[in-house]
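Structure record follows, encoded as structure tokens.
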Amino acid sequence: MEFLTQIINGLSTGGMYALVAIGYTMVYGIAKMINFAHGEIIMVGAYLAYVMTSIVKVPIIVSVLVAIAGCALLGVVTEKVAYKPLRNSGSLAVLITAIGVSYLLQNLFLILFGSAARTFPQFMPSGTVSLFGAHITYVALLSLVLTFICTGLLLLFINKTKLGKAMRAVSEDRGAAELMGINVNTTISLTFAIGSGLGAIAGIIYGMSYSLINPYLGAMLGIKAFIAAVLGGIGSIQGAMVGGLIIGVAEAFTISYISSAFSDAVVFGILIFILLVKPAGLFGQNMREKV
Amino acid sequence: MSLLKAEGLGIQFGGLKAVDEFNFEMNQNQLYGLIGPNGAGKTTVFNLLTGVYKPTSGQIIFNGKSLLKMTPTQITQLGIARTFQNIRLFKKMSVIDNVKVGLHHSQNYSLLSSILHLPSYFKGEEAMHEMAMSLLRVFDLEKYADVKAGNLPYGKQRKLEIARALATSPKLLLLDEPAAGMNPIETEELMETIKIVREKFSIAILLIEHDMKLVMGICEKIAVLNFGTVLAFGTPDEIKNNPDVIAAYLGNEE
Amino acid sequence: MKKKQIKDLIISFIAALVIYGLIMFLMSAGVVDYYWSGILIMACINVILATSLNLASGYLGQLTLGHAGFMSVGAYTSALCSLYLHLPFLLSLLIGAIAACLIGILIGIPTLRLKGDYLCIITLAFNEIIRVIMLNLSITNGAKGLMGFQAMNIDFSVYFISAVITIYVIYCVVKSRHGRAIISICEDETASELSGIPTSYYKILAFAISAFFAGVAGGLYAQYMGMLVPSTFDYNKSVEILVMVVLGGLGNLKGSIIAAIVMTILPEYLRAFADYRMLLYAVVLIAAMIIKEKNLGPRIKSKFFKNKTVEVDD
């Protein structure tokens, strides 16, 4: 049952991508920027959980909560300090600032923890369950379940609550939302907080799946998750989830059937294909320029 | 043979028919107006004629050629130039460079000759400069030649847009609300300019305008658009007294 | 007009000649040692990269993050030409540049329909794919690196002259009717199309010229380093080049030149900070962008030089 095992492995990595992709898609939808530093937030999440469990030695649940809260705070602070002053600037300025923030976090953690990988604490027993003959690790299963729960809760929040409605309004038309009395600053902060919080969960899943973490882990993970968000259609949360899962499976298949050397190339190839064929992504809407 | 002929022209956005069964004909050197209530589809007609939108039905013949498969660039080169409702100048370029962009095809020196600074480059640039200056003179803009286009006052920006459009040496000029945002004196001035342009360049002009004084004052014939179709067509006097037109503008009193 | 343009050109050439003479004198006098002449060579290469990217990102206004990809095509092609075909250096360099240019056209045709962030991310993707290909081809020797192609007798002059030619060509392009067409696309693509400019052609043209010179820079880099590894040309290198262009000012050739030189030399002075160097770079980058965009520059200046009046244009 090699095939099924690969699918499920792919889905579980895909789940992690999906959680990160949701962060990208939410921020892009509302702030209209690629938050290049989002990958680093995930790295910070993984390190926070590592520090709390292995060094401060608090219970696992506490370190998870600290990681989520820490990342949410970090997301909000980066937005306030680095992105907010550039809210009305061109996308180039924001892009470069975001890359600056990403370098900043990466190098800060390099100085704090060194470039050598740290062993991520064991959050749950290693072992596998058999499902239709495929062997799935507990971590993979947890990753998938968490992805679905988080996406479901987020969709409920966005579609059913007042704050969620405010978020949709701001992403539709910031100026009009402001005129309707919506506090745009709070809404943007909230978006960064939720996106970064989900990033922390993704970081912890990363740590559990690969059991080694280093300060560079966010860079490629971030780019792949962004590709997942584009694939799904930027701005769409369901899209980000589906995109993440597809990227995960595509990657798992490339590694097991072609070569691990080309897994990155295949992911980038998917991005190129989707942008050329359907730039709005699977769930996105086409925009028409007004003349 | 007519200069421009649109037959059964239509475009749909989703389920909405923005323009439907639009029939229209114009000859050389005529000055026509296109009016209608807000949302009647006037600018959409311009967008169809210039290739910005592709029609979902109908045919456009310009100078004996069908425009349906042409890009906006090709259509402009064929001889239709336009201005925009919400002025679209190259704001950070100088006034004269805006016109020179329109003059792009008037010279044909190659990239290589500009890199090697061959005589053809200097000759071409010199000629372009002269042509641009004489166009600016028509609109009294010559003293602003080196000013950034975005820094011009509003009325002058409108004029510069017309100058840029004329630089492409069109046979038909489409003006989209040229008097929008102008005060009565500026509008008066603009009417004069439009007349001069038509004489001097002997071109046909089709203009969209809400200022009835301007439209009725200079247009030979007027087409009234309502809900994407031509409601009425005729001389200003005929249009003024057409009950359908009055109903479309003021609403039916029953 | 003609006279002024020729006068400007002559002055610029004399300035370049003076700088060249000065550097050569300092080198022969031993004031500029081997280590620093290497940095000056890198400065020339970065000037080529920054000015050429400025044509695509500044003048044409297309945000691209794939310049390092074109650079690597130029670097590997010219190195392989020297290594296996034993071609003279300048011919290899030219072939490398043409290869980069062709790849640029190949990538440009489908992608240049996209705008802004999307174009940026798709060029980044091509950059990474080129890197993966270089990593896995046997002819490039993958991660182990390619060596043994260096030509003899190539000194600082070649790098300097290449930089001057690049600047000159891009200046000429910008100052022609072709350049105006390119700039008009950046300003308003629809208006440009409706002014009769064949926009697709000019987008590809600008992109191709930009890629050509990235290829030149790559070939020079290969010659200078004497060894090529694919990881040099990842998207971080593209970001580095883009940062030079942005800090120097989009559509500002002088700015690109100065930014490229400063950003090559400055890190050398920061070596003392060792580990903190990249951190400092990141902080400077964020601060520079905010200061630039918020137009805080003149205000900060006025705090230090109180007698000057300040104009803030919005």
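Read from first to last, the chains carry the letters A, B and C; within each, the first residue is number 1.
In this text, contacts are C-beta pairs under 8 Å (C-beta built on N, C-alpha and C of every residue); 3 or more make two chains touch, one makes a residue touch a chain.
Everything numeric here is computed off the predicted structure, so don't read it as measured data.
Peer 1: Can you figure out the chain closest to the middle, judged by Cα centres?
Peer 2: Taking the mean of C-alpha atoms per chain, the most central one is C.
Peer 1: Relative to subunit A, which chain's C-alpha centre is the most remote?
Peer 2: B
Peer 1: So the centre of each chain is just the mean of its C-alpha atoms; given that, what is the distance between subunit A and subunit C in Å?
Peer 2: 32
Peer 1: Report the inter-chain centroid distance for subunit A and subunit B in whole angstrom, where each centroid is the mean of the CA atoms.
Peer 2: Centre separation, subunit A to subunit B: 49 Å.
Peer 1: CA centre of subunit B versus CA centre of subunit C: separation in Å?
Peer 2: Their C-alpha centroids are separated by 41 Å.
Peer 1: Touching at least two other chains at once: which residues of subunit B meet that condition?
Peer 2: If we look for residues of subunit B contacting two or more partner chains, we find 52, 84.
Peer 1: Out of subunit A, which residues touch more than one other chain, so two or more?
Peer 2: 291 - these are the residues of subunit A that touch more than one other chain.
Peer 1: Of all the residues in subunit C, which ones touch at least 2 other chains?
Peer 2: 190
Peer 1: Could you please specify the touching residues of subunit C with respect to subunit A in the complex?
Peer 2: 57, 63, 110-111, 114, 116-118, 120-122, 124-126, 128-129, 132-133, 135-136, 190, 239, 242-243, 246, 250, 275-276, 278-279, 281-283, 285-286, 289-290, 292-294
Peer 1: Would you tell me which residues of subunit A are touching subunit C in their complex?
Peer 2: So the residues of subunit A touching subunit C come out as 28, 33-34, 82, 85-86, 89, 91-93, 95-97, 99-101, 103-104, 106-108, 110-111, 223, 226-227, 230, 259, 261-262, 264-265, 268-269, 271-272, 275-276, 279, 289, 291.
Peer 1: Under the definition above, what is the set of subunit B residues touching subunit C in their complex?
Peer 2: Residues 50, 52, 71-73, 76-77, 81-82, 84, 88-93, 97, 100-105, 107, 109, 111, 114-115, 117, 121-122, 124-126, 128-129, 164-165, 167-168 of subunit B touch subunit C in their complex.
Peer 1: Applying the document's contact rule, which stretches of subunit C touch subunit B when the two form their complex?
Peer 2: 1-2, 6, 9, 168-169, 172-173, 175-178, 180-181, 183-184, 187-188, 190-199, 205
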